[in-house]
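Labels run A, B, C, D and E following the written order; every chain starts at residue 1.
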């Protein structure tokens, strides 16, 4: 997925998607990650909503970064984020009541997703608008990707479907566990395990090369 | 003198050991389970035999393969995987599809035991953890009960048992209700004698209270089990449900509570799992009371007919806290510490 | 439909435990569960803040209904909760240094705990009255504390366990949480 | 220039900056929210109405239009738009404008959490003719069969809720029976393995029906177009 | 003898290892021949090493003083035989460390006679004089700890001792020397009690004996001098009943505070053999030069109780007693707390109460496969001071020494070995605790 075109912006984007993936690597924003990923659709919708808020608030924070005094920056960031979350909530309702129902309170809870405040504080308040948007988009994409990873696994095993379409034969006995809260914990745990395992393998290989 | 010149063995004291070892304890637990297992096969026929073999083999194989993959010496010779597999099998409904049973055996060992570091480090009882996973994954299959003592039980395998892996099973026999299910949903009390003798329907190995107690007595006699845990659980359940029954005779009697469902199997063989129960004396008491109260509360007021599994898992979960906070008074500290 | 207060409490505390069934407050659940002492103090602090913010949320909601501005709900909740926590922090610091030492360092962390905001949103959507809201907050706080302390006990044991290298850290915590979540399923149907 | 003067010089504009930033951003946010709210208001309302209508038409087979009623001071009146009263009666009419039935919401304690549902009542048949679960957290695969199980849904195709002669109470209470043992039209045939959830549904229907059927029957004329 | 004694007094917890005492309990104490070269370690007691007062090549006579105490916590040494000081130099000790020792070549014709000296009369001596005489006689705890007895008897001025406990429990399996002493040296024991009562100011004395020695209990009871406030109490057969703290609890229902001394509970505990030495040596003004030792075990041909010169090398002792072919493990002391020796050139010291030789067969039992701790809680039920060895073992494995010393009271452990004995997983708990205690002490010393 990494094109040879290695401009700074491309790496910024890819960084959020993979190397510094907010869920799998930084272990941030766990609540929505676990709560809404019982189907791929919900995961995708939540990921996109978060990405939307992330990009918009990063953009605004970056635009206003010279206008906001340091002392009140957190307060203004929260204000800005809360605004975009409210906007997102109304937009989702306008698009589909069903998705809004499925995501429930977790749309509102995007406000307290530490990824967004974290990016505003760590990146957008110090960088230009363009870079901030790309960074936010990368992180948003990474978050969406992670949610999709969980949603896909949980939906396929838990319901035998993917995006609502039957993918495993009719006779398939769904593993209800996967769409229960416990399944959420297990699936995320398993994904982290996989990431740890790959990291270990890579580290071991690096050592072999050195040795 | 020759002998005086050969190298001497250097060891730290003590130079005496009591005879019993961990693998022997584990093996004796298996022995104690034999009467229950034999009766289970007698009551449910080939279905029970198959399910017990599948859970045991899958549990042992999982442990063996894990050790091999990690280039460790295989730990299956300590018998603990056998116990897990056997206990898991005994808690499952007789006509559960075998592929689910195998999955349960794998989950018990892989998720509940090996991930935590293997024997001695597992927080939850592996068999019950595996069963909880199965119960959450396949809620319908695990609450569909097969009748005991069918005439053709030794010649016929229920078609649900042989369902293709990952497919929904089809049941051929009419599902029967367990004593607890009858109590909860239909308010029919089963005769206690039937439950003691094991003439009712239920999980593979939970139906015969008498044989389970026999196995427990064997282990207690050999000092390989804490008798306090089952006794305190029974007392708590009897007293608690007795009081409730006194004020509201519609609720089950204490003897019904004691002899129905997984109470016996759970209290005697699962709650006493050494690894996942407290080690301190006071901890054991509180642990057993917690289990007794929780199982009674779930059975009487909860949504589920049976709560033994959840009660024991809850006990397991608080065990580290109990071990930490309920220590014995160390000699020479506190109350009697002074001169007089 | 009215629910009894005991039902509200048991439901929020055990049946629909905020952490194990609703996935609220996962960050502190993972972050502050390494030690039993810290975990129980954190639980106390969260319960306290939940009570305070539940009252605030009830007030704001009444006000917003009165001026018919539902779209301000989220923004006013978050702003008021954040400032209340700050205010509470200052008051405790001034009047009870001992309490501040016990809870103080957790208070800023709690502002971004989604369990607090979640509680405010849930009590509003469930239409609880003032007393019901308080009991709900108490139940949620107690449930959060129970889950956190149990997890801390288990993690202290896991610190001296032979766990495989790849599961150490968040992965094993999530596995334990999964098993705990299954355990809490036993409470289903209670208090009805 | 003394030290204090310097400090004041720096301090004064700083707090002004802060107020300006907070107020400015606050204003901007308010503007954004209100704009979005206004812009999406109609769509959301239409969406919600559509979802509701879909549900009503489903629980009242044959209906194509609807009117909303509520009871105020003991009187049934037709309402338009939003009102404070939560208990509403949705009357459904067929293509000819004939009253098909009345749909109403009911809620109660399920296995995990509150179950909310909409059911349709046909005065003509003196029976419930349809039911849809609006909201539930029942165990997937087990309790959620109350929504998905076709056999269970069949209970509500014609569930007898006729009133006694005085018109005050149900002639027969809606009761729960074990799966496969239904013999009377006022019985609800349970789901194997989801007894609690199906019992909960029974209780919710029984409570709601015994409270509302007398009201509906008394005011039947008002519901007709 | 078929007499039995009923005993109720005991402490909580503990273990019941097989006693293995039948082989030697009937064997009277017999004099052992003198070895060619005796190695008298200058540091065979706890505390400061003694200072030699002889030079190489000097001729000494049996009972002559050859080294003097170098401080209060130190004792005198006497020549066990007549002979020539060959050298003063390093010699291996039990722990493997080299210690300064006096090498004494015995005269082939060395007799049993002992050099006379200044006696200490129990009726006229002051408590201080008695204590000084005990130090001069070189007496240390013969039960195994080898702690200088006079230090123990010196009651700190802020404390009062009302009861003297004579420890005749001998709970270590295999060992029977104290049992024989109680049968054969009763007059010495009672005389010793007189001295100690006077030295400590205690009002009464209790001889505590395990109920499996009914002959000793009954005959001691019969022979109590009428003017001596002594009682003989039977205690239950249980390990470690002979540990000071456990015996105090059993007999007096008092506990010694954590980190404190028996004097903090108003008592002093002295081993019965030590008491007998005091009673025999002080009236004559002699020093301790020999002691009774049980040489036993499945690896020994002629097991029994022997009166052996201090400084006799193990090799010589075992040659005399005879070793079996499959002997593999030589233990100084009893099987529960004794130490294996790596070299037979180690000498017998004042603290050596037994010499136990195990064969391949017994040895195999203790080197079984180690399993992880399964939380069976047998060790908690065994620990006489109510520690949590299971947890301590796990903490030790993960090097969490602070938690061990703090929350889990490791420093109260006196290494009785009960936990290791019962552990079905065969975890070397006591070994872990010894290592951890060392590390914790070092850490404390460093800070």
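The definition used in the following text is that a residue touches a chain if its C-beta (ideal position, glycine included) is under 8 Å from a C-beta of that chain, and two chains touch if they have at least 3 such contacts.
A quick note: this is a predicted structure, and the numbers were derived from the prediction, not measured.
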Intersection of contact sets, chain C vs chain E, gives B
More contacting C-beta pairs: A-B or B-E? The answer is B-E
Greatest centre-to-centre gap (Cα means) from chain B is with chain E
With centres defined as CA means, the chain nearest the overall centre is B
Looking at Cα centroids only, farthest away from chain C lies chain E
Here the gap between chain B and chain C, centre to centre from mean Cα coordinates and rounded to Å, is 34
When centres are defined as mean Cα positions, the distance from chain A to chain C in whole Å is 23
Cα centre of chain B to Cα centre of chain D, whole Å, reads 45
Note: chain C residues in touch with at least two other chains are 71, 75, 161-162, 167, 172, 175, 179, 182, 185, 188-189, 192
Residues of chain D that touch at least two other chains are 29, 33, 36-37, 111, 139, 141-142, 196
Residues of chain B that touch at least two other chains are 111, 118, 120-121, 133, 136, 139, 303, 323
In contact, pair by pair, are chains A-B, A-C, A-D, B-C, B-D, B-E, C-D, C-E
Given the complex, residues on chain B that touch chain C span 70, 111-112, 114-118, 120-121, 123-124, 129, 132-133, 135-136, 294, 297-298, 301-304, 307, 309-311, 313-314, 317-321, 323-324
Chain E partner, complex, touching residues on chain C are 159-162
Within their complex, chain D touches chain B through residues 111, 139, 141-142, 178, 192-193, 195-196
Counting only contacts in the complex, chain C reaches chain A at residues 20-27, 30, 71, 74-75, 78-79, 82, 112-114, 117-118, 121-122, 125, 165-167, 169-172, 174-175, 177-179, 181-182, 185
Seen from chain D, its contact residues with chain C in the complex are 29, 33-34, 36-37, 107-109, 111-114, 137, 139, 196
